[in-house]
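Each of the next two complexes has chain A plus one other chain: chain B in the first, chain C in the second.
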Partner chain A sequence: MKKLTSLLAGLLFLAASPTHADLKVFACEPEWAALARELGGDKVSAFSATTPRQDPHHIEARPSLIARLRQADLSVCTGADLEIGWMPALLRQAGNSKVQPGQAGYFEAASVVERLEIPTVLDRSLGDIHAGGNPHIHTDPRRIAVVADKLGERLAIVDPANAGYYDERRQAFAQRWRRAIEEWSKRAAPLKGLRAVAHHRDWIYLYDWLGIEDAGTLEAKPGIPPSAAHLAALKAALTREPARVVIRTPYQDPRPSEWIAREAALRAVVLPYTVGGTPGAKDLYTLFDETIRLLLEAPA
Partner chain B sequence: MRQRIFRTSLAAVLAQTTIAVFAAEAARTVTSNNFNPAVSLILDGKFANLKEDPAAYALPGFALGAETGPGEKGFRLGESELVISANVDDKFYGSLTAAVTPESETEVEEAFFETLQLGGGATIKAGRFFSHVGYLNNVHAHAWDFVDQPLAYRALLGNQFGDDGAQLRWVAPTDLFLELGAEAFRGDAFPAGGAAKSGKGAKAAFVHIGGDVGTSHAWRAGISHLAADAVDRATGDEATPDLFNGKSKLSGVDFIWKWAPHGNSKERNAKFQAEYWTRDEDGAFDPQSAGAPVAVDGKQRGWYAQAIYQFMPRWRAGLRFDKLRADPVDAALAGTVLDNQGHDPKRTSLMVDWSNGEFSRLRVQVNRDDSRANVTDTQWYLQYIMSLGAHGAHSF
Partner chain C sequence: MSVAALDVSILGPAFVAGLLVVATHVPLGREVLARGIVFIDLAIAQIAGLGVIAADALGWEPQGFAVQIAAVTAALLGALALTFTEKRWPEIQEALIGVSFVLAATAGILLLANNPHGGEHLKDLLVGQILWVSYNQLVPIALLTAAILALWFGAGAKLGRIGFYATFAFAVTASVQLVGIYLVFASLIVPALAIRRLSGWPALWRGYALGALGYALGIVASALYDLPTGAVVVCALALTAGLAAVGVSVKRRAA
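Moving on to the complex of A and B:
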């Protein structure tokens, strides 16, 4: 018994992280960790539960994530059922009352923005659809602006001692981001009307912003891997109405994209999708710089 | 100059308006249980081709609880599970798992609530639930990687130990996952029995640690202990059951390691898990309620190791080894179920399954079953598992 106690004490000592006065933010995806750092500066330490190489639909509520959520003061996730496969399980296992839904420490980005593709029919025969609409909102910087405004306010609520600091940063970010959006909109003007095929329906908010036309997806239905039959049908459709690019995220299987690129004479483009997705996408600003650059270079 | 100011302020106004357009009308948390619980129904069925007669199944050296055999030959409906869960309010979460058996009986597998707002890393769970000892004990049948439980679970825990009781668990505020838990139960379920000590007949404790290694590997390890009192624990024939009175103490270690390239498990992933259990049963065993109990004090041990590999999207293959060993018993118990017949039961299982998405699965499995001495059973299974309704949360 004594041995067990000293073993446990030793484990605790080894495993304990140095105490920070920082606000601990648990972000479900890298884009929200990046936004938390922009808005929180050196007063927050942000942890991202997923990396750009991971599909946020398919994450497990594993021990390391339970431990991190246990210590968090604020959790920032996309919501709209994107993380429904793992976040509820994490919330129930972490024993952290501050970050439960309904508490100030629980922030769902998708709930504060207008969403697209809210289904009128919910049926699994249509694939793995999200009842609250398409959750991939962060591909549109105008929606990120809305999220940033609300998240900045939330930081001040959760950490009132630094409210003034967060307010300043929120306003500074809003200004800088607004100018960046104008700059990107101008730079991306040639992309209006571009016909694009995507692996999954995770780019529709980008299409909405830049006026890109949706020429179909490689997945016949969301969440179901691309099938030979559907790819053949898509190839036929593209012969009638050609597209110019096929885009995918760094975590999606490259083979269906490469196949359709060869068969339908498209350029296959891997977009960063989130912060860190490509070496050039180091933060939210360079994320969109890179995205626009890669799309502009593709049809050439 | 004036034009530039005008253009800048117009742009600012437009930008503000643009931002406002994309703000949702009312901030609303989108959850799947706004007043409606998450309801899911899991359908399960099998087709079994068993060389030996399943009625003759036994694990020499072990008194087996109910439903711990290889199942029935031919087509057989499995248990249909209805799972209803939701946050009760901001402080509590509740869940029911009811199993509708093929014999048209409804069994309550789990019915419990958990706290959400205790804070400080603590959670209380109360009701009927599967104990969090071991790794597989807490995993529902529809999430198993094989058609059946390892022999160690069959023999030592009656497939899974679940009972009425309460649990307190605590997660340490450390980057290395560390969880401690203690449970107290009524003591009705195998290996306990008879709700001893006025309905406080079993207790358990566990420690779990876990973490990541890089972005591609994750692991969890645990140590568990379960102490159960048995009063007239009945096993075997229903008319003349074997009765055990005494104490049953189990200790186990469990380990699971999971791999996926860059932690992205969609295309390929693998897992390896193993558990080792020992059980010490000390008391009196009355074979076939003859009224002549014999003193027993012996250990039984069991372990399993299994590996699952998803080698392409939708397809997985699994391999499992099982081994059991029971101490020899008194000559007075020769010929009873506790007689190990000089044989250590073992089994090898191979399975392949195909999942269209996360909600449907078809499996084929073959067991080379050496449970009994001098009898090798070859067991083939086809199984379907279909899940309707709300998305079940993935547990590690």
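Moving on to the complex of A and C:
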């Protein structure tokens, strides 16, 4: 009998214990869900609104997205207009005051790092450009380090009861991540000066980190299919100054990059782009392991 | 299966939007079937989208009301042109509708080549997402629906060819932004197909019931199985209408 009571008490304790009252994180993209898990450990449960095979610029509306955001304590998105097509509508439908812009429960990763390609003039003839600069910041692990620091602090703010736990994890992650970056930088040294063509301007932060040379983009204007003239000019430029690879994400149409790979003798490479993008990219660490491995494997 | 998303405050606005679309599209769909011009909604929606791109190219600030004016104006002009072609060349009307769809779509791409931000508006216009609808957005749509229904059932045959095409332009321009092009097509054609052998009120109320049932089943299924709502509703509409049609023919054979 005594055993039974203690068992029941234990069950009750489990049911009421804070591990079951996880901090609910709604991430817009898999990389931020992964980062929240690194930083929050078993105190958070993170959900990603998009899968690695989905273009985060556009998603289809599902009821569960509204339900998830409604229950969330913290939303973590890239920002810089990446999710402009769906996040405002989702925030409105969810009506969760904790995660609205301006609240502690609303976190935009791009707003805490230095962004590239911030247009000096917003000219609509230049394409589907983002006023906040290029939003694909997570392809540079140094920027992820900055985001991790701020996100860790934010976790401690929205869940003060576990602030000590988050601080510890934030510092541990910072250390481990710094060592990982050193290791990757060393391994990726041969990639410096590698000339790469990209499908969309998703990789400029990776270029910025590894010193990869931008040899052009298949989409002359972001978001618009390339014209014949643009492709011809790109091919001519690549004949004059050859490049080695053409990079795309798993969710992009393979045809344009395979075309240019054929025409200009490039190697077409699919990089994971985010956690889960390829089977090997299981977390943030293996994401960069894979990215560098795939680039190094492309023959000269 | 997830029951968490089964929440009236999440699914309610989508269902009401569906009912409003069904209210005008079932009677319009019967007419479309009778005239044998099933792709007209694709053409009209695409022409409405072209209007928005053109307005953007002309340098209008394409926000809010201006977008709607541009869209409806283009749709009405398109409707007017189709009225003319139906009168002039009735035997090739459906082919002409198909051609105008392709022309409007490609003209849009060409205009966008130098004006990409119009693309966002075009996308907004053609791929409405039923779950993003809010009750506030539904108020003007409800008024428009009431006006269309009053005109349709009030004027009846007096509406004539021009009346039909103009009404159609208004109805589709509004509904496509709400629920997207696939659902507009399905709401228009699928219930109308199921009730094509019936006439008058018995046909109409069965069409309405099938439409409402399809939306209800589709929205609930999308919540339970966590699938994109618009696409699931299209399947549910086809399923309910298909079962109803089979039921009718079985009954007919038995009788």
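One rule holds in what follows: the second predicted complex is superposed on the first by the 274 of 300 C-alpha atoms of A that agree within 3 Å, B and C clash if a C-alpha of one lies under 4 Å from a C-alpha of the other, contacts with A are read in each partner's own complex, and residues count from 1 in each chain.
Heads up, the rule we're going with is that a residue touches a chain if its C-beta (ideal position, glycine included) is under 8 Å from a C-beta of that chain, and two chains touch if they have at least 3 such contacts.
Only a predicted model underlies this, so the values are computations on that prediction, with no experimental measurement involved.
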Side-by-side fit of chain B and chain C on chain A, or clash: clash
A:Arg62 touches, of chain B and chain C: first, second, both or neither? both
Contacts of A:Glu108 with chain B and chain C, given as first, second, both or neither: first
Partner chain in contact with A:Thr51 - chain B first, chain C second, else both or neither: first
Contacts of A:Thr286 with chain B and chain C, given as first, second, both or neither: neither
Touching partner for A:Gly79 - first (chain B), second (chain C), both, neither: first
Contacts of A:Ser227 with chain B and chain C, given as first, second, both or neither: second
Partner, of chain C and chain B, that touches more residues belonging to chain A: B
Partner chain(s) touched by A:Ser97 [first = chain B, second = chain C, both, neither]: first
Which superposed partner A:Ala89 touches (first chain B, second chain C, both, neither): both
Set of chain A residues, in rising order, touched by both chain B and chain C: 58, 60-64, 66-68, 70-71, 85-86, 89, 92-93, 95, 124, 127-128, 223-224
Touching residues (chain side chain C, partner chain A) in the complex: 2, 4-7, 9-11, 112-117, 119-120, 123, 129-132, 134, 219, 222-223, 226-231
Chain B-touching residues of chain A, taken from the complex the two chains share: 8, 11-12, 14-17, 50-51, 53-55, 57-64, 66-68, 70-71, 79-81, 84-86, 88-89, 91-98, 100-103, 106, 108, 110-115, 124, 127-128, 131-132, 140, 142-143, 145-146, 149-150, 178, 181-182, 223-225, 251, 253
Contacting residues of chain B [partner chain A, same complex]: 11-12, 15, 18-19, 21-25, 27-32, 87, 90, 93, 114, 116-123, 169-179, 207-212, 215, 218-220, 258, 262-267, 313-314, 356-359, 388, 391, 393-396
Chain C contact footprint on chain A (complex, rising order): 58, 60-64, 66-68, 70-71, 85-86, 89-90, 92-93, 95, 124-125, 127-128, 221, 223-224, 227
